[in-house]
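Below, chain A partners chain B and then partners chain C, in two separate complexes.
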Partner chain A sequence: MQDSAVVAQGARNAAAMADHAHGGHPTYLLHHFNSVEQQADASSFAMWLFLLTEVMFFGGMFVVYLIYRNWYYPAFVAGSRQLNVALGGINSALLITSSFTMTLAVWNARMRRKGGMILCLVLTFALGAVFLGVKGAEYKEKFEKHHVPGEHYSLQSFLNPDSDPAAAGTRPLPLDEARHTELFFSLYFAMTGMHALHMIIGMGLMAYILFRARGGAYTAGHTAFVEYFGMYWHFVDIVWIFLFPLLYLINRH
Partner chain B sequence: MSEPREQAEHIVSPWIYAAVYLALLAGVAATIAASRMNLGILNPILALSIAFAQAALVTVYSMHLKWSTKLNKLSVGACAFIYCFLIAMVLLDYTSRAWGQW
Partner chain C sequence: MSTSTIVRLPDQSTARIPKDNFITRENGLLSWLLTRDHKRIGILYLISITFFFFIGGALAGLIRLELLTPQTDLMAVDTYNKVFTMHGVIMIFFFLVPSVPATLGNFFLPMMIGAKDLALPRVNLLSWYLYMAGGILALYAMITGGVDTGWTFTTPLSTHYVNTNVITTGLAIFIAGFSSIFTGLNFIVTIHKMRAPGMTWFRLPLFVWANYAASILMVLGTPVLAVALVLVVLERAFGIGVFDPARGGDPLLFQHLFWFYSHPAVYIMILPGMGVISEVISTFSRKRVFGYTAVAFSSVAIAVFGFFVWAHHMFIMGVSNYAVLVFSLLTMLVAVPSAIKIFNWTFTLYKGSITFETPILYAFGFMGLFTIGGMTGVFLGTSGTDIHLTETYFIVAHFHFVMVGGMLMAFLAGIHFWWPKMTGRMYPEKISQFAAVVTFIGFNLTFFPQFILGTLGMPRRYASYPPEFQILNVFSTAGATILGVGYLLPILYLTWSLRYGAIAGDNPWQATGLEWQSQSPPLTENFTVMPVMDHEAYDYEWLEQQQERENQKEVASAG
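Moving on, here comes the complex of A and B:
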């Protein structure tokens, strides 16, 4: 913080600098902003820009998915059939519910209700944890069936579908098509894994917010950090809203 | 309606959040129901349309874009446009190549 820059902002701030008190303005107003409104505009713009780079990041993976899905459609149908729609649907509901509790946490923070805010954050955290648990169970099944891309990848379910209850009754794929199911699972693990990583980071941030919220850090009028975290959490929700139909629901009729 | 000052002060009613929540859950149910029907080429289009509608609800209401500054709205719109543009360019290249003819 350059003192000279602050003094240049005007007499009001200069007076505040005299005793380095926050005289006349809230303590959370940083010295390089003229007003609370200016600070809110600048920081919310920064948060949106960050999320838009995230759109481009996930967007790249969605484009790869789009092209390979068109290219190797039978393999993607067979791969998608290996995923459990019920578990995917439950996870969608869990994540949407956690988004809802997150909005309520922000509302409670703005209404300066500490207890309600902490309760909503704990619920959001718990729903996120259950989501990751379900995801972990799904991953475990993929490891057991050797559907994780790599050296031990197994084509059994696709060359001989009747050997696998999840694929029973479907048409066996020729070897060249069956091998492309590995590509489907590569994208499945890359996209859901990156999504899960975002959730784990989010839960870490949530733990930090909960820790600070107990002291009333977000229920005294300055709710920006909780709001921006909420935006991040909703963004992660949006990613899943697209992942679910694209990965789980290819040609399910 | 959307003065830059509004975001700092606007408190959204929890009932709006509840309505969005129910709409999102209905969207998941509709997505699964639609996947059970044989609609041919319309299957993925319908699934993605529902997903885009859900994403729009989250962005506009849960993420408070509706009450945000014009600069933020413009940025989100520009991102959506540029992303669609990039996908279109990639697909244009993809569909216009003479695959397997060299």
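Moving on, here comes the complex of A and C:
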């Protein structure tokens, strides 16, 4: 082995040396790290940094949202009323539960329980899928009511609230204010769309993890990938925790 | 030029390139395309960014040729718009941003801190593929009709008034942005977690500090550019109206998001270059960099201040007077850490034993040209003069002094400085000194007249101009031709040196960095024995003692 010649001195090598004494590296230790601890430190730090870039990405959109919400508050209130709080609430509950099952999956992986880990991952995946299904139903309703920004956007619900059960009883908006509801829905679709895209990517990764987990890849002591995926999943969850009140709960006291 | 030199080469009659090194370890195209070795990825990047540099350079040549005469005679106005846009897009996103970090940084940063590789080798390879995917997509957009918004994609021009490949180019930059994010992320993790025993933060070479600061900007800034581009693409594809004044959107908001990245991006481009200059100045004046700590922290200060100056690109775009006041002040603050660097390099040279090999000639070029570029930046940061000078050739000259005069000089300094380490062979010294001088003359002839043109009021981004500006434009085009020769020469002689250059040995410059303590070209695992850092950075006495010990060992074994 080249490595045994390379690892010769230095305080940090102590752990690696100990491993040698016990008959070689653990198989998951990559060649350029000196010890398992160094590898774990580096990769978890990298994951946190990656999540930081994600914060900046969503942060850009939150800034856009906050500026327009400040400028066009009545339009944003009226737009927000069109969203279904019950469905949004159910989705929030689904996603928080999925974070819980994700944590259980990580715990099971650490405890080296393959069956439990797979079960929890399947549950997480299913909760994510139901979330996307509910989101799809909400999108469909918006299409039907012509609340999707673009050429076919309709101001009917805001100019004439009584024509729309969701807006019935509210004060009609003047035309110039009503037109700004389109911006609300632009941001609604852009932000929830980006969030959904992150979930779809996450579910793709989850499918990959499930595929490998059957062979026991994560229940043999090296759980790093599942743990980092869990961090990603929690992050996606947290984004929703911000999106839900910002989009659904404006002025619903 | 004086004949004294620090170059110490092994006896050419017996010297050989080490048989086992990172180039010879594995053979075949696949061993390169699937490599996880940071040095090989650095070489892949070097080849690809050189390719994009020459495309961007050819476009620059077309621009200068069109501007030789006051009329629009070489190309139609629309074509001219596309040519300068693609010149900007390619040079900024596919050359300047990755130039030093992805090539020299990739290759040398792990070696300098005594690591075997970057912390995430697979992510590193992925970042090269993302870069290539973005680059190819950008070229595809260029060939299938181009884009004519300028590299800034300013709304509402980019969203409503042009019908060119904005979406494709936007996606290309989006993808290349991830490449940049992954490089930055990898560097930060590597510098934090992979340092050799004894390599404390304040023993890091200043090149590492500079790349660390640039990496922070890459990681925090690039995602905001990504989201700005996503919103432009959504606007064009679905008409979501976020930047459309007709629907209550604010086009200026796009510029805020865009410049929140794109101003720090100029520091992403220049900081690694400053790192190169620190290494070169110290090595060729045989002195520790004066005020090491100040130079290290000035990199971080530039990165931090860099995030709070973006609106100075928008002084005439309708931001409030108070914003102008604040951003003007903050902009001038950036001049402080930049000046700290220039002064400290000057003090390093003071009473140093300076020799005049090619890398330091480029470094001198950097110091002079960057100073002019930086000082004219203060003119532009002052709102009173900015209103007169913005959107004129003064701006063009200013950022080319910083980017071409600064960054490109630093890049070439770095390439020459580390060429012996990368390839094991020396470049030919005389002709490369000549090329450095040609580049300097060509550069000044190209861009100095543009300062004058700008103060006279010649606007940028037009294919034609009033006849009284012609003489200065002729100078500029003539200079660009000389500059082109200055860039072609290194390509020729560096390629030549791959086969015929003198064998360099481990440490031809007698430099102190850890990368020079390994063989040239290095082994795949960089070091045979894990290095232990037991001295400060740029400790030339330590190096002398080290060599003394080795000599004694040789004498002892011979006797």
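Throughout what follows, the second predicted complex is superposed on the first by the 229 of 253 C-alpha atoms of A that agree within 3 Å, B and C clash if a C-alpha of one lies under 4 Å from a C-alpha of the other, contacts with A are read in each partner's own complex, and residues count from 1 in each chain.
Keep this in mind: a contact is a pair of C-beta atoms (placed from the backbone, for glycine too) under 8 Å apart; a residue touches a chain by one contact, two chains touch by 3 or more.
Keep in mind that what you see is a predicted model, and the values were worked out from it rather than measured.
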(message) One more residue to check, A:92. First (chain B), second (chain C), both or neither?
(response) first
(message) Contacts for A:237 in the overlay, against chain B (first) and chain C (second): which applies, first, second, both or neither?
(response) first
(message) Touch test for A:52: chain B only (first), chain C only (second), both, or neither?
(response) both
(message) Looking at A:249, would you say it contacts chain B, chain C, both, or neither? Reply first, second, both or neither.
(response) first
(request) Give one of first, second, both or neither to describe whether A:41 is in contact with chain B, with chain C, with both, or with none. (result) both
(message) A:67 in the overlay: touching chain B, chain C, both, or neither? Say first, second, both or neither.
(response) both
(request) Name the residues of chain A shared by its contacts with chain B and its contacts with chain C. (result) 41, 45, 49, 52, 56, 59, 63, 67
(message) Under the definition above, what is the set of chain A residues touching chain B in their complex?
(response) 36-37, 40-41, 44-45, 48-49, 52, 55-56, 59, 63, 66-67, 85, 89, 92-93, 96-97, 99-100, 102-104, 107, 110-111, 227, 230-231, 234-235, 237-238, 241-242, 244-246, 249-253
(request) Write out the stretch or stretches of chain C touching chain A in their complex. (result) 115-121, 123, 181, 185-186, 188-190, 192-194, 196-197, 219-224, 226-228, 230-231, 234, 238-242, 247-250, 253, 257, 260, 525, 527-530, 532
(message) Per the contact definition, I'd like the list of chain A residues that touch chain C in the complex.
(response) 2-3, 5-13, 30-32, 34, 38, 41-43, 45-46, 49-50, 52-54, 56-61, 63-64, 67-68, 71-72, 149-151, 179-180, 182-183, 186-187, 189-190, 194
(request) Report the residues of chain B in contact with chain A in the complex, numbered from low to high. (result) 4-5, 7-8, 11-12, 14, 17-18, 20-21, 24-25, 27-28, 31-32, 35-39, 43-44, 47-48, 50-51, 54-55, 58-59, 62-64, 68-69, 71-72, 75-76, 79, 83, 86-87, 90-91, 94
